[in-house]
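Got some structures for you, see below.
Each of the next two complexes has subunit A plus one other chain: subunit B in the first, subunit C in the second.
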Partner chain A sequence: MNQLAIRQEDANILLHQKNILDEQVIDKYRTAGTITETGLNYAIDLINQIYHFKSRQPLSVSQLCLMIDSLLVNMLSKVYLKCEKSITNPTSFNVNEVVSNFSPELDDSNEYFFKEGDIITINLGVQIDGYNSNVSHTICIYPPGDKPIGPLLGGKADSIIANYLCTKIVIALLGLSMTPEKLPLEARKFGNVVNGSMIKHYVNYIAEQFNCRVIPGSEIRQIRRFLSGQNELLEEKGYKGIKWYESDEEINIINKLGGETNSITKIFGEDTVKHQKGDEEFIIKSGEIYQINLKVASINDFNEIGIITTETINEYTGVNNKVNEFKMKPTIFIRDFIMNYKLKLKASRNLISKIDKKYSVYPFKLNYLTSSFPMKNNSLQEMNEIKSQILDNKLGLNEILNHNLVNAKPIQVIKFLPYKSVLDNHSVTSMGVNVDKLIKNSNVITDKSIESTTVLINNLNNELIQLSNNFEPVYCQSQFKLVDPTVEQLFNSLNGKFGVKVKKVNALPIKEQMDLD
Partner chain B sequence: MPSRNSINKPKDKILKNSHASTIGKRRSNRVRLSTRSSHGRYNDNTLPTPRDSKAVALYTGKIPITTELTTKTLSNKKAKKLARNQKYNEKRKELLTKDIDSKMEVEDEKKVKESEAEKLRVLLWNSIKSNDLSLFKKQPDTEGTTIGVQSF
Partner chain C sequence: MAFTCNSCGLAFPDAANQREHMKSDWHRYNLKRRVAQLPPIDEDSFVSKVASLKIEGDEKTSKKDEKRRQKEAILEQKRKILETARKAMQQRKDDEIMKGTLDETIDSGDLEFQKEVEKAQQAEQVNEPPQLTPEQQQELLIQEKLKNKVDLPETTCLFCSHKENADFPTVDDNILHMFSKHGLYVPEQKYLVNKTGLVKYLGEKIGFGNVCLCCNYQGKNIEAVREHMKIKRHMRIPYESEDEKLEISEFYDFTTSYDANEDDEEGEWEDIEGEDGEVDEDEDDIPSDGAIIQNGHELILPSGRVLGHRSLQRYYRQNLPPERELTEAQGTVIAAENRNLLTVRDKKAHEQQKRDWKSEIRRAKYYDKKFSKNMNNQEHYRDQLLQ
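And then the complex of A and B:
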């Protein structure tokens, strides 16, 4: 892999000094948090108006994305005038089985709308001077009316409740990392301080109580200035976090059947053991910032043993054999500064210089590069202007993509892979199972929930600051119940006088933001 | 008599003598074995011609009657070397048998490990065949859980 040369002194300033939490840094984080919360609030409000109150003409998903992105950029333009600011996570509406990066452009051949019963994850994020706040929140489209007729039921409700509780317990554990002496006795079997295996155990445990499983790709990670895992293709030096893999679920299955851990390592290779070790060594310290990104799916509808995995969608999926299969070109891109290539086409050279000028290390969409973005009054005329300008940008995109100067962020869907097909196939690799080969045996899962938030462990005031996702979950009811005294104790640590202090960041009123424009 | 190197050497006499001796040698040779050309084509009792086959293993007629297998004798040095090598060979054989024994032990261990993995596979297959989901699925609770509020 290529490497960029950076002087050691500069690296120290960038990686250490600039990441120490002080008043200024906390304020930048809080401002970013406020903007994401307002964006999320705006998105929920728009969906309510269109689908629940029916007080607004339906807007397609691409229009919604554009409106929310415009709001975020408009808000960013009014704060910290001298700092670098941008969207870190283009607004995406991941519907049902889609888990990531579903954010169609205006000129997409299909127009996407939601329908009743859809589970939608709204996903967005911004950064100010490299300090970023990301958020994902899952909502549901109920039948129209003033309020939901009744609670959401079934697997969808199970996954939303499970994810709500999982996120809650992670926040509780992050808070307890400041006062590890308050950890329940039962939790101490994983260690006297909050570590990766403790967090992973409780998250998996809660998910299982609701017949749910954590989707591979879920992650709880430390973020630093400009380093928030925005580019999956780059390996980050000094990465600290826990991740879920397909092999975790395999170990779970084997343990339940009474298999021994030693024999597992013999079958599934040593990598599984390696990242398990990583979990134990992962210890949370105060003064760090964490991004919680938990994805949970219900397996209640499947009457066989299996694991959950993800499949990357592209425009070619199923062209030959499946007619009604969901297929889409990726629309979110990210610049790869390590790659170097002298572009041949004038259009591509123009595009890359625009990208380099406007967007640094964070993902972007082509419509961000048009002159009419951000929109001032969300009019149809502005949208049409953007639509016509996107075409010009698309001209140069292919050459840039082909030479990997820019990479597309993958659109992924959740799949349930029966364990029988895993055993049938002998392509068991070191990282668990070679999923690409087995994906044809899998089924789509639509009952999912994604919640993500950014949390500061503020050592100055001994408190947690939850930057985003301070919204209540949607109204839903599950058949299952979590009965566990230790988990109860951990939840209780979030309440009361002597518990973990959690400060929340609130959204600004949308009207004011819109009126100012 | 003056020598060969003297000025007045008896040249003729010397030459005549040497000539006579070579001729004499040839003559005596001719008497011992006659050539084929002088004795007819099918006479075996002649000197071989250059055209004759020289193959050693080829049966050419008479079987020579000999009692000795070889005329070479074993030297003392060679005898010692052979004895020494024999000793080494024996030692090597011992080592080899030991190696095979230890290999067998390792293979036995491997078999135990493989049987563990095999057990696991059987376990997994059995669970899939019986499709017993009681370990993997929770039963619904009468109370259940409700979150959120009834409003948008």
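And then the complex of A and C:
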């Protein structure tokens, strides 16, 4: 295997100089933000039309994904003609317990539709010249009508409100990083400047106030040009960010139960933690761009102590095949560029060259590689063409996947693993605890909310630019209330006259025929 | 003293004097002597030497005068001899008229006189040739050649002797004859525009220059050249090197072979090929196709194909995988990559695993043994033959 290497000077330019904010770079970020906002707006509009206003024939999730992706690509093709542009996050609709990468292809055996009461997270993202903007927003399908009859209640509402406030407090803290003297006294016990552990503390605190937990896999991280955490396998140099892991929660529980951490065998080992705890002590500096991707789940339905974890879904269920079980092949793939292998099949060689050319470092779906993509007028004929062409690409995919040149992005569902079952005698064998089996048999959590946004700390104007997710949460009410003077003080810093200036990026209006601009 | 001259063995009070000395002829002479490993001479002897050399030079000029005087003397003698001869002849005529017969004695005297005249002439000739310049000599040669010149019209065979009467009605017939009989091949007939001119030129070369078409042989006359060409089979037009091609290029027109837009490059190509004639062509028709661009050790044909030099074939024949060109995105990701794909094996863990494998096999064998022992166990002996 020949390792690829980059010269030190080139690496310096690519990793540092190209990330320095100036007018042009900010404009690229803003344009990317506008496109994601427009895409999100279009997605919400489509769902409203289909499920709420009933003014449109229902479209399956795969069709919706394809239409939104087409819109994004069509919009990208009109801006910055000379730059490298692509989708960075294929549109996915994560329904209820599904937490990531649910984006069915047209040729999937099942056709998915939403139903009333579903919590849906829309995820999408684009990049222009490597400067990218990702967005996730959670909505709820209410009974048909112009407006919801009443507020959303219960665990779902808790998680949505908690997530909204968590995101807001992170934005406030990021804004205060420019003026650390305005930090409340209470917050200064974590340090006089805004750092990772301060952010993590407040996020966890707010989530707990609403009887929620942050789902493992949530991340607040600095993004750089072409490096926005699109590939989980990548071990990034100079990574700055906070991640949530199961092992943290487990240690918390053990401490609460009064046991000694060392005496009890932990089922979520340290080896799953890639980045050491010390990494969270990073300091947020102005001129950096942060991506906030928070997933929060309510544990209202469970009265016992347990850990929130995720299970990866695949097509195979093994011996215990249940009829109504959710199973699905992953549809989103990402090229792992460090891998090198000489492919044997002609179809796979063709496919990999296409991938390298168009979606080299960002995730993609097979339908992006067809000739009819992006669709011009969303007609059924175009969809059928794409459907027939996907099959050709699938032919080569197997060999590529087998040699890890391309990795599938896992479709995950949230599970609640009661700690009692971990301690149970049956679960412990001579080989240790079979975690996968435990997770498989535990219950799913449907009360979740995912919000993500990209925030630019603009050191040129001393302001924040929130590139995406300027939508208010759906109409909901929670039984919990947040009473904390420090947190309130932090929130107030966003509104006050002398507080943090937050600029927002607005979506473009969309016409039905996708006539843009 | 700092200012010295080693070759002359001198010392000077200052640099200016030294420099002046270095420029002098005396110093130069001593330098030459030193190179020839001779001891230096002092200034006086050098001056005397120069003076003696000057005298010698004067003597030389006087020698010239002497020669001229001698010459004049010879001429004077000649004139005298001629005068005496005339007188003698007149006397003889008178005697003949008187006697009517020629005396042998007079004849012998006449012979002597003739010898004298010849001698004088010879002396004249000996003096004359050094005065001829090379140009004059050439002129003489050309005149001589012009005398020997044989006109070969374009309808006459270049190689058949005039006795065979190889005349043809047209040039084409002539060329056909020369091809079939003598094997003369006219190259690039497709682009040959001036056939008559070419044959005439070759005819001139043989008939006038008496030069072989192929080698540098120059015969005394046309027959000699023809004989040479026949014996050596030199009856062909050489068309390999650039000079040879250029020699007859005026009768050709290659413009139809190249595209209109590549006309400029053609000229360039001609020049370059002159410098590097070793370029290998894989296809036969390349020399006629003018529009070839040379790029280092490669030739680029009008079709876009690239010809490589034969000496580099081992490099061309390699089957290297195509180089991966990284886009900026890929470059950034790889620059940020911290994964190490070379996994270092933990020695202790590996040994432990080996031990585990071994014990597993041992256990399996043990169970196998036990199982087969139980299966074959017979409580009472049974003779197979007595069944």
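A few comments on the model shown:
Following the convention adopted for this analysis, the second predicted complex is superposed on the first by the 465 of 517 C-alpha atoms of A that agree within 3 Å, B and C clash if a C-alpha of one lies under 4 Å from a C-alpha of the other, contacts with A are read in each partner's own complex, and residues count from 1 in each chain.
The rule is simple: a contact is a pair of C-beta atoms (placed from the backbone, for glycine too) under 8 Å apart; a residue touches a chain by one contact, two chains touch by 3 or more.
This is a predicted model, so every value here is computed, not measured.
When both complexes are overlaid on chain A, the residue A:Tyr164 reaches subunit B alone and has no touch with subunit C.
When the two structures are aligned on the shared chain, A:Glu236 is found in touch with subunit C, with no touch to subunit B. Within the superposed three-chain model, A:Phe480 lies in touch with subunit B and out of touch with subunit C [touch as defined at top]. In the superposed pair of complexes, A:Leu366 makes contact with neither subunit B nor subunit C.
With both complexes superposed, B is the one of subunit B and subunit C in contact with more subunit A residues. Of the two partner chains, neither subunit B nor subunit C is touched by A:Leu397.
Of the two partner chains placed by the overlay, neither subunit B nor subunit C lies in contact with A:Met198. Touch criterion met: A:Tyr419 reaches subunit B, while subunit C stays clear of it. When both complexes are aligned on chain A by C-alpha atoms, no subunit A residue touches subunit B in the first and subunit C in the second.
Those residues of subunit C that touch subunit A in the complex are listed here as 321, 324, 326-339, 341.
Subunit B contributes residues 113, 116-117, 119-121, 123-125, 127-128, 131, 133, 135-138, 140-141, 143-152 to its touches with subunit A in the complex.
Of all residues in subunit A, only 1, 3-6, 10-11, 14-15, 18, 84, 130, 224-227, 231, 233-238, 337-338, 340, 342, 356, 360-362 touch subunit C in the complex they form. Within the complex formed with subunit B, the subunit A residues making contact are 48, 52-53, 142, 146-148, 151, 160-161, 164, 208-211, 253-254, 256-260, 262-264, 266-267, 299-300, 303-305, 419-420, 423, 472-483.
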